[in-house]
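Paired with subunit B in one complex and with subunit C in the other, subunit A is shared by the two complexes that follow.
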Partner chain A sequence: MSTTDLAPTPRARFEIAPQLGLAIIVGLLVVVFAWKQPGFVSSFNLFGMGRSLAVDVTVGFSQMAVLATGGMNLAVGSIGVCSVMFAGYLMQDLGLPVPLAFLLAVMLGGLLGWLNGFTIVRSGVNAFIVTLASANLYSGAMLILTKAQPINVLPPIVSSIGSYEILGYASPALVVALVIGLALYVFYRYSVPGKETLMAGANARAASMSGIAVSRSIILAHVLSGVLAGVAGLMVVARVGAAMPAVGGEDWLLPSFLAPVLGGTALAGGFVSVVGTFLGAMLVTVIRSGLLFVNISNFWLQLFLGLFLLAAVLAQRYRGLFRMRLT
Partner chain B sequence: MRLSIVNVSKTFPSVKALDDVSMEFAPGEVHALMGENGAGKSTLLKIVTGLYRPDAGLLKLDGELVEFFSPRDALAAGIGAVHQERNLVPRFSVGENILLEHPPGRRGFIDYGAIYDRARVLLELLDPGIDVRAEVATLSVAQMQIVEIAKALSLNARVLLLDEPTASITDHEAEALFKVIARLKAEGVAIVFVSHKLDEVLTISDRVTVLRDGRVMASGEAIAEMSRRRLVSLMIGREERIADVAGGAKQGKVALELREIATSYGHSGINLRLHEAEILGLYGLVGAGRSELARSIIGDGRITGGAICVGDRPARIRNPNEALRRHRIGYVSEDRKGEGLVLSHSIVSNIAVTIWRRIATRLWLIPPVVERNAVTPQVQRLAIKSFSLDQTVDTLSGGNQQKVSLAKWLAAKTDILLIDEPTVGIDIKTKVELHELIAQIARDGAAVLLISSDMAEMITLADRILVMHNFAVVGEFVNDRIYENGSEAIMSAIHAAEKDRKHLHDRAAIA
Partner chain C sequence: MIGFRKFASQEWAGLAAIFVLGSALAAFLSPSFLTEYNIYVMLRSASVELLVAFSQMIVLAIGQMNLAVGALGGLVAVLFGAMLQLLGLPLPLAILIALLIGIVGGFINGLLTTRTGINGFIITLATGSAFTGINLGLTESRPFHGIPVEFVALGDSRWSFVPALLWPPLIVAPLLAIFLYRTKSGRKLLAVGGNMRAAELSGISANAMIIVAHAISGGLAGLAAVLAVSQLGAAQPEIGSTWLLISFAGPIIGGTALAGGYVSILGAMLAVLVIALIENMLVLMKVDPYWVRFALGGLVLVTVGVNRWRAHQMGRN
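The block that comes next holds the complex of A and B.
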């Protein structure tokens, strides 16, 4: 028996590597953009970037929660926009106080996520198809109910939250995203349901035979995903000061995968990286804002992001193969 | 074709897997490759099949230097392998699988006529009973193995590696396989045979090479000059030891009782009584329905009739979660890679998973120190070899993996433990350790239901033996731990059941 923890396992090294590489890339990009356009690091732009970073991070976490189980959630954007419009309705039409409206909107996100999870577990159909269907179902229902009209008359406090500047350049949304990140880190690393979810994601059969209620883990992951999508939607509401039916939807799809996958979260399930997801989202935000600064058309953005996702997936596959050869 | 391995070495980050290893496999000979788990057999096979590259040394085919950069190179050179894991496409037909690598075509389309003709020719030699058009998923494990051999032969394999080919097939099927091996040998194929079953090796091989800790202990010695004792001492570095499991522990109250149980798997009228501090053996051939019964008990299959009592109370167990938490029953699966372990997770997680809920604080958080402290005694008790508890389980040898899959139930301290084929593919030394451990678990008061196809194991360990055949219990006797008596009782129970069944069948045919 020799269980002294001296040498790091080959595995452990590769778990750190992608995050470190990502941090370096993000750092380099910031330096390059700031050198080309000093305005890039102005407190005004930092504030703007922080605000959109908060959304990207939260959207990434929302996807990560389901990736952990080896599934995926194509309805992140749809759930987000449903929460957005619901919050707007509660505040404008019902005149509910802002905190209550926000809370209920987030709960709606959780409910829609629960519906996804429940359907997947009950039907045995894979998450891809179920969430593809529900994504259209949710946003279709939202468009019918709201007639695609934005809800503009919100209490002024909403937009003042959105434009509030902590220490001159940090947005409250970013603080929320950081707190969520911390909570998720603890959840996956130290909590019973978090650890069980990862185990169910890595090998559902073995997890179930070890006494884990796998179905419950999957449903929980979707509820968590829905709640986070709702929170991301509300961040946008605060930013624009209105509930717009054009928020979320397919615009969130690519970034939602990019952040976790770039950060090293396994598509096959069973392993997540909270820090990596944060860094992945940073990369997305920095590129989006940076390209704007150096006057490169938005069309390029899409192309770049697609390219990054592909590269990240290939890198993951390569690491997997490499590890297989090693053992 | 003669395959020579010359001074091959291979080092992994934590271990020297092969240390200057040389051996030679000659045409028309069955060459047994033996060694304990972790001795380097798998690594050697992977080098020979082109999956790994050696750090030093070389491979020669008929004296010519060869270098393999991928499994394809090895195949092209005429080295075929049948691995422990099946590598067939279940939904494809037998013929399609055999010719998967190089399907005969006509004008860019697959020529199915030619596929089935060629596949039939290949199977003619091995087992004409297999239908070339049948879906592979419908075959038995033994038949799949034959299909894999045919597949290797379709690529003109002149060296055939068989990795534990008899691990999951019945004795009867193994006999058939040995006939196939004899035929291939007569055709001049060089056959490399990896097995843990000593008797098998002594019967069918011509030569034997023994590896221990990555070094060659005996290279290509004639089997005629090798005794069982010498073989064992070469493998483990000392004399064989039989597990010390004196029976006679005081049996306690009834821990688990099945009354007239029927299941969705097809069991009917199963009666069984398992006592505290007892090892009840459930013997039967592969396919007798033993694992399925164990699964049904823990709620992984549906009970359709009869009653289960845990302790003295009737129980309805709907899933393994309830089995563990409400009824304190654990099941050590025979399929350790698929069901017993989460290979990509750490040793700690794999063991602690059953007790996470118990050791968590009120906020449902698990302090890492607490988790480690809960796991360490089990790791020590089972002598699990690892350099860190955070090591992922897939980096462990088969024997250590099996120990981990047992350790999680020791940690859970269940009152009832269903142990399914605990030593398949496990080396002799670890096997003895596991036997002693299982005996100890029972002595400590747990009720153990032991499922095994290894008769010697069963007779060493069990206090009582139930014989199962065709999803029914066909015999029960108290085991006096004398091999001749036990095996006699088991075989006569199975034969009687066979006869009964035939009788019924004949009657049904007349009616």
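The block that comes next holds the complex of A and C.
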């Protein structure tokens, strides 16, 4: 079955099914955790979860942007931490105003993403190897330049953004993540470059024959991925009120794939689900926070996340087989 | 001249030249480079890395990748430590069981990829996370120190500049070569990596070969972990956490095809030696250790770039 078969057909309503299933799982987990520990749904914990959800969602979107083209980006965490440290440097050492520093830091993310995309397109080497190497180049350069020292004398406004509570339990970061989600939905659904990216991901040959500049789409996807990684990094800066060199890196690798893959984004490219990625990130956040509440040590977290990822890909696979049998 | 041409056309010849020139440069820059002890230190750190590179190489041979090499290594290391410290098992038995755990871990990876048809990348990302989770959950990140003294001493022992730890990879390398190039199963494995469809049409069970490759990969990761325990003198839960880049850098710089079907064992070995040389030089020159990461990332990019360019040029001729 080729990917083009997944183009909207009367059966397209089935495409919503994975997201619905995911939403039900997230809902059930929340109920279970809240039943075991009512503190789980306290406004304090909801605020904390919302803040880390914002990061998980944005990191997931960053990976999703590249998965759309059938590639992958192992440098999401490295680009994130480069933006983090650059923002810290601009604010503390150069004394730039916060909005300008944030803007420049996000632009650095975009630039590093562009470098990835450009290298992949120009060299023809696959995205895995290029981003594995660039991840080490970027983090290596960051560690050399910062000597692995945190930058923690930031303007107080930074941490007050991080701890600001909208209506008592929502974090501004979560609002940013929602706005990004909305923008991405519109981008892939209605904009020409967005649709071209998906077509390039579904079938590069066919797309380029129908006049789409596939290379440009791939580079654009990597720029977008870099920008989003930068934004996710800045969310962490606001949360901890400092620029830490330990942010991101390999810690983001698994969550970045978890959110989109759990949400039904195709690894082969050509199909993304913005809502699914959001729900996938919710599952990650709920498990992470919930395990702490039911007194399961955080050391086991990785096991649970790994098993969920495995279960999700298996479910996707067998659902695919099932659907093929129906047709 | 023909002899030279033939030599130069081998993909490992460039690496050998780089290693020799690099060593000469290192000896020139630092008088302590050519000491017996320094070469021993360099080769000792290469021992584990050689096995890590082989572990990835065998999966690359079938055109897949194994992101769980390090995670499986870490899990084997702590279980090995637990067997020695908590259960008091005799050393040979513990080593045997440790290798078996590695093989079983790899077997699970292979079974999951073949049964589901999902690519190895995402399966091993998931199982790798699960292995690390079990490792951290069991140990709560605390190492096992109860390793028999003779086993730790083995990790430190050497004959002139040759560390004892270098023997396992030196024995594994020819065995791998014989398996891949002289046995039926090995040839089949490479055939599956070269062209899975064609291999299946000629009656080879691709699934069986994929599982075999993953199982060997797991066994080698387990062996690397056992060596690392001997080298470090403790079963550290973070063993393996830095293996990802080196596992790919070794085979890829050494000329193994990412698409599968072709490996260069000698190339991977020389690549690991070059990497160990670079690490050693940076240490001798007292540069920030972060430069190692930077240099390694750059080296991978440059090699794949050069290989692409060379393939392009050859295509033109």
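Here is the rule we go by: the second predicted complex is superposed on the first by the 307 of 327 C-alpha atoms of A that agree within 3 Å, B and C clash if a C-alpha of one lies under 4 Å from a C-alpha of the other, contacts with A are read in each partner's own complex, and residues count from 1 in each chain.
Quick note on the criterion: a residue touches a chain if its C-beta (ideal position, glycine included) is under 8 Å from a C-beta of that chain, and two chains touch if they have at least 3 such contacts.
This is a predicted model, so every value here is computed, not measured.
*Asks:* Which of the two partners, first being subunit B and second being subunit C, lies in contact with A:L309: first, second, both, or neither?
*Replies:* second
*Asks:* Between subunit B and subunit C, whom does A:G270 touch in the aligned arrangement: first, second, both, or neither?
*Replies:* After superposition on chain A, A:G270 lies in contact with subunit B alone.
*Asks:* By the touch definition at the top of the document, which applies to A:L178: first (subunit B), second (subunit C), both, or neither?
*Replies:* neither
*Asks:* Scan A:V121 for contacts with subunit B and subunit C and give back first, second, both or neither.
*Replies:* After superposing on A, A:V121 lies clear of both subunit B and subunit C.
*Asks:* Looking at A:P193 after the superposition, I want to know if it touches subunit B, subunit C, both of them or none. Which is it: first, second, both, neither?
*Replies:* So A:P193 only meets subunit B here.
*Asks:* Looking at A:G211 after the superposition, I want to know if it touches subunit B, subunit C, both of them or none. Which is it: first, second, both, neither?
*Replies:* Once the two structures are laid over each other on A, A:G211 reaches subunit B alone.
*Asks:* May I ask you to decide whether A:A202 touches subunit B, subunit C, both, or neither, giving the answer as first, second, both or neither?
*Replies:* It touches subunit B, and subunit C stays clear.
*Asks:* Would you tell me the residues on subunit A in contact with subunit B in one complex that are also in contact with subunit C in the other?
*Replies:* none
*Asks:* Can you list the subunit A residues touching subunit B in their complex?
*Replies:* Against subunit B, the touching part of subunit A is residues 1-12, 186, 190-193, 195-196, 198-199, 202-203, 205-213, 270-271, 325-327.
*Asks:* So in the complex, which bits of subunit A are touching subunit C?
*Replies:* 72, 119, 123-126, 128-130, 132-141, 143-144, 147-148, 250, 253-254, 257, 261, 267, 297, 299-307, 309-310, 313-314, 317
*Asks:* Hey, which residues of subunit B end up touching subunit A in the complex?
*Replies:* 12-14, 51-52, 300, 319-321, 323-325, 331, 333, 338-345, 349, 353-354, 356-357, 360, 363-368, 376, 379-380, 383-392, 394-395, 408, 412
*Asks:* What residues on subunit C touch subunit A, complex-wise?
*Replies:* Spelled out, the residues of subunit C in touch with subunit A are 65, 112, 116-119, 121-123, 125-134, 136-137, 139-141, 244-245, 248, 252, 258, 288, 290-298, 300-301, 304-305, 308.
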